[in-house]
Each structure stands twice: as structure tokens, then as C-alpha cells.
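These notes concern the structure reproduced below.
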Amino acid sequence: MTDMLGGLAQEVVSGIALGCIYALIALGFTLIYKATEVVNFAQGELMMVGAYVNFFIVTALLDIPMLDGALGFLLAFAGAVAFAFLFGTFLDLIINRPLKDEPVFSVIMATISMAIILRAVMALIAGPMTRLPLSPFGSGVIKVGGLFISVHDLFIISSAIVLVCGFYYFFNRTKWGIAMKATSEDPMAASLVGIPVKKVYRNVWIFSMVVATIGGVLLAPRTLLDTNMGFLGLKAFPAAVLGGFGSVPGAIVGGVIMGVIETVSMGTLSFYFPWVKEINDIVVWIVLIAVLMIRPAGILGREEIERV
Amino acid sequence: MADLVIENLEVHFSGVVALDGVSLNVREGEVFSLVGPNGSGKTTLFNCISGFVTPLGGTIDYGDLDLLSKPPHSIIATGISRTFQNLQNIPYMTVLDNVLLGNHSRIGNRETVRRWISRRQRELEEERALEVLDFIGLANYEQKYLSGQPYCIQKLVEITRALVSQPKLILIDEPAAGMNDQETMEIAKIIGEIRDYLGITVLVVEHDMSLVMAVSDRVCVFDSGNVITIGEPAEVKAHPEVISAFLGESVVA
Amino acid sequence: MKLRKPVTLILLITFFLACAGREPTPGVTDTEILIGNIQDLSGPMKELGMALPHGSNLYFNYINDKGGVHGRQIRMTMEDHQYNPQKAVAAAKKLIEQDQVFCLYQIIGTSPCEAIRPMLEENGIPLVAPATQSGTMSDRSKTGWKYIFHTDTGYDKQANILVDYAYELNASAKVGVIYQDDDYGENVLEGIAEAEARHGVTIQKEAFQRGATDFAGQVMNLNKGGATHVIIGGIVREPIIVMKTAAAMGYAPQFLGISPTMDHRVALGSGEAGEGFIAANFAQLYNSDTEGAELYRELFEKSGTDPKVMGMYNFYGFITAMVLVEGLERAGKRLTRDGLIKALEGVKGYDGKGVFRGITYGPNDRAGTEAVVLVENRGGTQRIISDWIE
Amino acid sequence: MKGRYDEENLKWIAPLIILVIVLPFLLRGATFSYRYYLYVLNIAGIYTILTVGLDLLSGYTGLISLGHAGFLAIGAYTSAVLVDQAGVPFGLSLIVSPLITGLFGILVGFPALRISGMYLGLTTMGFGFIVRRLIIALRTWTEGSAGLEVSKPVLFGFTFANDWHNYFLIYLFVIVVVVFARRVMKSKIGRALMAIRDSEHAAQAVGINLVRYKLFAFFLSAVLAGLAGVLFAHTMRFISTDHFDILLSIYFLIMVLVGGVATIYGAVLGTLFIVLLDFLAIPLFKDWLASFMAVQVADIQSLIFGCIMFLFIIFQPMGLYGMWLKMRIYWKLFPFNPKIKQT
């Protein structure tokens, strides 16, 4: 029994780490959806791009003697974030601007094709080989009362929490955040009260690209780097929906629930109930569908009521 | 005797009282207007009749039928059709198709299949819809897509759609909202014709007093979910409570 | 000597038949043999999609520089299937119909290869050395088996051998397996089931999805189940993450790998966690001192490619090219598809300059080699620690 | 009643059908590798049947499905198991398997009564994964993830042995499905579905039973996907879980959008466009490109695909069919008034 509980606790810890990865991607989904109602299918690819940019800079800096350590990594990270700013602006320019009067569906399709393009371009630049980036935090493991957690995972968890709290504060307390919320409710009314809607849209794409870059940089050492890394976006998508699309805290709630369910069902559940093995990769989907049947807008999402 | 009889209707929305024991009856063949300030419960009453809102208490009977026991999509079968305050049109269909949509409840499965096979059947159906469009005065618009049409045309299309199902009672929600004087008079004329030529009872919600006074047989004044008074237009206009409450001097004589 | 007369006669007859308007063999001219290859160039296995044909071309170019096969240069044309069986069939049709290739070679992935079976039979076109180690490739109950010449030891056999090896290391071992939940894993499980029956044990099995990046649950389970020897049926990323996850949990079984995990990047990427990792391989290593490996390294250096490409997958492309060339050599000057099949059926114990244990085909045998060597990771390099095991 | 557009479009149907029949002969005359082109056209035909169904569901009714590859898989596996293992004749399976798939459609439709938009898209995506898992779990019949060989279609004693035969089999169904779907969508049912998409309230007010029609849309869509699946299994002759990837479902939606949402011809055009682009144009273009560029051409291949898609959506958001309509009006008015008239 204690064995089972110990295992369960360890799985929950690992699941939270995994869930925070989902949360980081889900947060990107959420930001864009919140302001533009667009589901950005290229979110995973944005993460991949960010991770590659960071990796390239780190590799380039390795040759400079002063910068082959933590300092170099910080520089590379700063570079990647700077790139994210530019790239986010660029995406807004080519996806959002031309399609601003078209149905949301078209924009979603544009993001899907953008995902294909980004994968191809990255493959052309980086080649087909899997890269093996090293964790900037080393491969240390912390042991607390029988539970193991790697330093790297700790950083993933804390940055997910920091980002979610930051954005929550931003959307609820700052002028810009509230302006963004207003834009998502009714862009027309928002522009009438003087909110620069175009700027809001651009900022949303930039934010989401920055979040993706942070996620990618943290994720790359854990999952290794190749151009198909973006498919992780497809796994984070249910996490975002489970929490409630468009809800910032929902991203982390959904992500962590997904991560824990996945790990526990692959682990303890499959171990004690062998039939779970047959379904353990769809358990998250079953949970998701069940939750949506009860709460059609996710755990923290708001249901929209239409006036007749 | 197909009168619409509403008794003691009570609706609450999460604590807010929308209708507070409303009773009224609409006689066959008349134009009955509901007036009152925003939020006084007129549209809620409509929604109760057409089944979108389930009231807390009270009854709605139409002839011998208990309307409250019916789901929204069965209401039209009892001979009641409606339009909406916020346009509820299908923008990417032509005007004609929008109107044909109103025919939905009149086409059974067998007739649907017959229409798949026979072009003549389809044409007959379309001719009937065209007649109604003609009646409203939209005959030139049949092929146009609804998206991009002016507001007043869209509003009229909605009325046509409600008419094409050949109802006995039609509920029209704010037909003159957002229209200029000329268009309002046009609508008033149409409402009168619906009653006079088609013999359909009309229940209308409207803010524009000129329209209400022009066409109504009887007027019911609402405030905060209560009926203040019911009577002929002239009576109501003279009613002291009504004047003091909200009509004031804005009444156009 | 007695045979000479009938052989000349047959040759003469075929010659006359050929003159009497027989169509020439597709893809074969006096100066060139065109072979078709379908790789995953932009899907989940694109990493291999680049490395394999590159290795093959090293050898083909080497042969071409020496004057080709019977005076014909070998040219390889490539299509992409993105690991989608349907695209694989479309690509195969294109190669056969439009490009008129002589034979198919090295198509990667089990389900793409399975999907083109009906086409092989329809067109009578051989597929040499499909780049999958699935034992189903040489299964004679399937459509078009006659046309597939499998070179590698099946995953099932490898799994079987690895279980045996685990018990050899430690008679009281408890074996677990973590496998990819697809056709690859299915074939591994077949071998495992066989081994279970032979040893009278149950082996703990944990599955993961193709493309998975997190294995915490499965590793936890293996730990709880007390597995002392864990067989990994993954490719490159999976063994690295599995071993790292285990290390992070303070769980240290002996890890064993099926041949796709044999890439040197597993040794590089897993670092300390992968110390002592043993993987099976159906051929000698690319850095071994066999004649074939030496030739490979020499050619690779001459080609001036990015040294990162050098490795097991690249070498794999190289050695299967040797098998194809051997078949083409044997098929003789007058090259036909049937001729190639006949010629390959005559291959017995071909060792590819010391790289293979011995590739053997027969009229009813398409399995190629059935032996493996074991390779161990020590300090970031790999070395062979065993003889051939069958 | 002159000028009603659906009657007007009838003019195009006869020549199109003739083109469909003549095309393989033309191809055979024009090129020796016609069978490769036929194969690609066959894929396009099968997908067309499915995307027409998807258009009914996602385009007309507005219920987004990201799980249609799942329906395709159910149709394919059901038929493969019925024909090859239960001995049901192919002709019967052509009717039974789509109906079974339709039942799954109703099952998936139930969440749609409550869930909408992207949430529904995700639920159906989950369905796609569940189907894949189901196929693996039922390995007694489906051989798990190893894939299943399927027999050739046999109808009235005639065996459809190659792509040439299959072409006619598939396109017979394509024509029937397209004509049928157009007719249905121009009738009461099509109007009802569009009403549900744009205004559920108006739909209910005119007497449309939301539950029944939403489930019906799912049923019809799944039946068509199931039909496509049956044809898929028996003409491709090998099916595996790799065929019915989640990405395929996304591609189906792209096909519908590229063609033009809520137009049957749009679904047909979009599917042809994407399949031909993906399977034919780009591989051929790639050969040409490779002749003077020594690069990893595969990535360029998907880059071109992505770019064409992207530019298309940016510049032609109304889809191919919208483009065609504009062109037609333009040519009609050409000598007199080259300015496109607004409708």
C-alpha cells in the first residue's frame, strides 16, 4: 500500500512537470484565442522555432571562450526572446492583418498552413537530425522524502506558474490587459472607446510567440530538438480546452490535470489494472469529453449566452 | 376560438424578476401591441410563448393547446410564428431560401423526397414563397444573398419568413427598430395588411409609438414585469399612469 | 560443362525473342540501372530518411566509379512518403509507372512496405532491403512475399535473443520491455511472447505512443514491477529519455535495446544515464575494423559530408546497398526483374566484406540474416561485446 | 422560375459527368503512366465522398469535426472485417458498413448537442484517437497496428482488379453522392442545417428540431465517410492505423475550406485541388526542381505545399468555388461590362 502511494506521489510530481509543459503551450493558445477567437494550430511550431533559435545561438556562442556557460545561455535566451518579438510582429502582419475581416475558420486554416511552412523552413535550415541540447540547469536531481524531481523540471514548473500569474495579473489589473479583454469581447466597441485594436492583436501574437519561445527553450533539453517537436501542440490543445479556452488560469489547471492523468494512467493505473493499458493513451481524451459534457466550456471557461 | 390566453406568468432570471404575474389575452384577428421601456419583460413574454424561456409559474394557452408543454420547435405547428429583436437570419442564403426556410414545418418527409425528384414540386413551393415576398414588397430581392442587404430589408425578410408558414398568430418583435419614419410607416402598412388581408392575429412589441398608435387594435403597457394597462390606443394614451410613467410628452399625436 | 549447350540455346532463344519486339526491361539501359527509393523525408522519421540513402549512394557511387555493374551505372531516384502508407503507394506507382524504375529499394517503414505489397505482385517488381526490421517482411503467407528481399534480423528475433541474453547475464533476472505502440512494437511483442513461452515466465510490458516525449509512468511501472533488465523498443529519442528518466528516479536496471536504438547518438545523448546500455545489431559497427566498415569510412571521408551524418543509420544504407549490388552482379548482363529475383535467391552466406553474419536467400527464403551482435555503450562510444548470436 | 441558380447549374452536370467518364481514356491515350494518375484520382474521388459529407456537417451545419479520419477508418475496417472474415458480399457491405459508421456518427453527435465550436472540434478529435485505439484493441479482427490486407471489390460477379476498374467504381459513387448531396442541400434539409449554423433560435422558431437535425447531420456525414471508407479499404487493399492519422482529419477540413465552405462543388474542387497538389503537382514539380538544385527537396516540397495553401487562404478566402463563381460572372458580362457585378 505504501508502495502504491509512494509511486502515486512520484507520478503526480512527474505529471505536474509534464502538465506545466502543456500549460506553457496552452497559455500561448489561450492568449491568441482570448483576443482574436483564433485557435492557433501553429503554436507548437512557434515553440519549435523558438527552441531552435535559442539552440543556434547557444551553439554559435560555444566557440567564444567567455560565453560557453551560463552567461552564454542567458545571452542566447535574450536573443531568442528578441527574435520572438520580431517574429510575433511578422506573424501578425502576414496572418492576422490580411484576414481580419474573414471568418475565424479561415484564420485557423492559415495557422495550419503556417505550421506546415514553419516545419519545412526549419527543416531546411536545421537539417533532419535530432539535436541534443543540454539543459542549462545541469542534470541534477533533487530528492525530497523519497520523491525525485530534476532541477530542470523544477524550472519548468516555476516558469509556468510565474507566466500564468503574470498574465493573470496583466489581464485583470493593467490597462493594457483590460483593453485586450475588451477587444476580445467586442472589437468594434473596443475600437470605438479608443482601444487600438490592431495594436492589441499584434501584441497578442508577440506575447504568444514569447511564451512559445520560453516553453521551447525549457522543453528542448527534455524532449530533444527536432522539427516535429511542434506536434506536442496537438497534445497541449486538449489541455487548453479542458481548462477553458481563453482562460489564463485555465491553461495551467488544464495542463496539470492532463499531465497528472496521463502519467498516473500510464503508471499506477496500468500497473494495478492491466486493462487500462489498452486505453491509457486515450484516457485524457475520455476525461476531456466527459468534462465537456458537463461543462461545455471547460473547467474555468465561461459559457456564452446569446440574447434573443 | 383561437385566443391566446396568458395567465399569471412569472419569470425570474437568477433572482431578477422579469415577469411578475402577467395576465392578458389576445383575441383572434386583432393587432395587439406590447409597449414599455427596455427590460420591462416584453421580449421575455415572447420567448415564453415561443418556448425559449420556461416560466416559473402561470399558463399560456392557445385555443385548447397548452403552449408551455411544447418545446420551441413544436410551437410553429400550433400556428404561431415569430420574428426576433436581434436579426436571426441566415446571411449566406438567398432571400428566397430564407423565406422558404419558414416553410419547414409544412413539408413532411414524403413531400421532401417528392421535391428531390420533381422539379415541378420545387417550383410550386417557390411560387408560393414568391407570392408572399410579393405581398411584402420584396419581389425583386429573391435572388440576392441576404448578407449585405440593408437592415430594413433583412427585417422584412424575417417577417416574410414568419408569414410563409401560414400562421394564425404572428409575433413581431420590434419591427421598426432602427428604421426611419418612411420605413416605419411602410411596416405599419404591412402589419395592417397582414391582419386585414391574411386574417392573421398579430402580437407586436414596439417602442415607436407612432407605429403602435397607427396599427394597434389594443395596446398593453408594461413596466418592470407588470401590466399597467390594456386598452385601445386612445384609451391608453390618456391613461394617467402611463403618461406619468414613461410616455410623457414624447407621444406624437 | 554439359550445361553449356542448353544455356547457350536458351540465351539464343531469349535473344531472338528480345529482337522480336520484346519490351526492354524498364529502368535498364545499356548504361544505367534506375532504382527507386521511397523514404520518409519530411515525416516523423525524416532523420533516417536522409541518412539511409546517403549511405547507399556512397556505395553506389563507389561502384559507379569502378565502372558500374556490368557496365551500367546505378542511379537512385527518391520519393517522400512522410510515413504515410497511402503516399507510399502513390510514390511507388509514380516510380514504377512514370519513372520506370527497375526495382524498388530500401523503402522505409513497416506499414508503407506492407501497403505496397499488392503493387509488387501486380507489377512483378522486386523490393530489395526494405528499411524495416519487422519480421513480417519475410512472412511467406502475405501477398507479394516473393518480391521482398529482407536483409535484417527481425525485431521479433532480436527481442527473443535479448531476453535470452538477459537470462544469461543473470539467471534470476526479471525482464521488462518498453515498446512503441505500433507495428514495430507489435513485432517486438511477438518475439517477447515466444521467449516467454520458452522460459516459462511473464515479461512486464509497457507501451508508449510513437512520438511520445514523456515516459515517467512507464518507467515508474518497470521500477515497481522490479524489472532488472529492460528491453527498449524505440528509435533514438525514446531510449535517451527513458534512460534519463530512470536515472532521475534513481532506478538503474540493465537497459537493452532493439537495433534501431543502436545509433551512436543514443550514446552521446543519454550521457551518464546510458552508460552500459547494450543494443542488438544485425551487422558489424560502422567503426569496426571489418573491411566493409573501413571502406565505408574511407568513402565517407572522401565525400566530405558533415561528419555528424556518419553513424549506424548511414552505415545501414551503405551495407544494404552492397546486398543490392551483389544481386545485380549475379543477375548478369541481361538484366530483368525476374532475373534479379532468381539471382538474389542464389545468394548464400554473403557477408558484405565482413559486415554481415551471412545473408542467405532461397526460393522460399526471404529472411536475409538472422543473427545479431551486441553493442555496449561505454564512455560515450560503442563497442561490440559479443560474437554473432542466432 | 428562370434563373434559379441550382437549375442553372444543371447545365454543368452533364458535361462534367461526360468528362469524368472520358478522362481515363484521355489519360491512357496521353501518357503511359496513366495508372499512376488514375490512382491519384481514385484517392481524390474517395476523399471527395468524404469531404462532401464533411461539408454537410462542418460547412452547412457549422459543427466542426476533426475526427473524420476516424469515420473513414470505421467504414474501412468494418467492411474489411465483414467481407474478408464474415463472408459478407462486397455489395452488401457497401450498404451495411456505411450504416454502421452512421450509427457511430450519431454516437459522436450526442456531445454536439451541448458542445459547440472548437470545443466540439476537439471532442471529435478525441474520437479520432479513440477509434485508433479501438482498432488496435480489437486486434483479433483488425490485426492491431500491423495493418490489414483487404480483398478486391467484387460486384455482381465482376472483380475490380486494378486502378482502371476502381476508377469507374469510385467515380460512380462520387457522381451519385454529389448529385444527391446537392439535391438534399437545396431542399428543406439543407436550409434547416444552415439555419442551425447561423441561428439556432430562428431554426427552432420555424420548427426545426435541433436534436434531430444535428444528429441527422452527423449521421449523414458519417454514412458518407463510411462509404468512402469501404471504397478506400477495397481499392487500396491495405489499411492500417497509419492511414487514418489525425493530420488527415485536419487535411479534410482544409479541403473543405479551400473549396469554399457550404458549397458541394466547393468540397469537390477543394479535394481535387489539395489531393492533386499533394500527390501529383508537387512530386512532379519537385523532380524539375531537383534537376537543378542539389538540396533536400522533400522539405521544399512541403514548403511549397504550405505556401500555396497559405497564399490561397490569404488571397482567396471564399475558396475555389467562390473564385469560379466570380470568374463565371466576369465572363458572362465580359463584352459589355468587365466590372464584376456585386451580388
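Letters A, B, C and D name the chains as they come in the text, with residue numbers starting at 1 for each one.
Heads up, the rule we're going with is that a residue touches a chain if its C-beta (ideal position, glycine included) is under 8 Å from a C-beta of that chain, and two chains touch if they have at least 3 such contacts.
This one's a predicted model, so the numbers in the text were calculated from it and none came from an experiment.
Farthest from subunit D, judged by the mean position of CA atoms in each chain, is B.
Of all chains shown, D has the CA centroid lying nearest to the centroid of every protein CA atom.
Distance between chain centres (mean CA atoms), subunit A to subunit C: 37 Å. Spacing of subunit B relative to subunit D, judged by their CA centroids, is 41 angstrom. Subunit A and subunit B have Cα centroids separated by 49 Å.
Each chain gets a centre from the mean of its Cα atoms; for subunit B and subunit C, those two points are 74 Å apart. The residues of subunit D that reach two or more other chains are 136, 201, 296, 299, 301-302, listed in rising order.
Subunit B has residues 52, 84, 88 in contact with two or more other chains.
Shared contact sites, meaning residues of subunit A that touch two or more other chains, fall at 119-120, 123, 127-128, 281, 308. The touching residues of subunit D, counted against subunit B in their complex, run 1, 3-5, 7, 183-184, 187-189, 191-192, 194-195, 197-199, 201-210, 262, 342-343.
On the subunit C side of its complex with subunit A, the touching residues are 41-44, 46-47, 49-50, 181, 205-209, 211, 213-214, 216-218, 220-221, 223-225, 236-237, 240-241, 244, 247-250, 265, 268-269, 271-272, 308-309. Of all residues in subunit B, those touching subunit D in their complex are 50-52, 71-77, 81-82, 84, 88-93, 97, 100-105, 107, 112, 115-116, 119, 123, 126-127, 143-145, 148, 158, 161-162, 165.
Residues of subunit D that touch subunit C in their complex: 32-36, 39-40, 43, 136, 144-147, 149, 162, 236-238, 240-243, 245, 279, 283, 296-299, 301-302. Contact residues of subunit A toward subunit D in the complex are 39, 41, 94, 98-99, 102-103, 105-106, 109-110, 112-117, 119-121, 123-124, 127-128, 234, 237-238, 241, 245, 278-279, 281-282, 285-286, 288-289, 292-293, 296-298, 306, 308.
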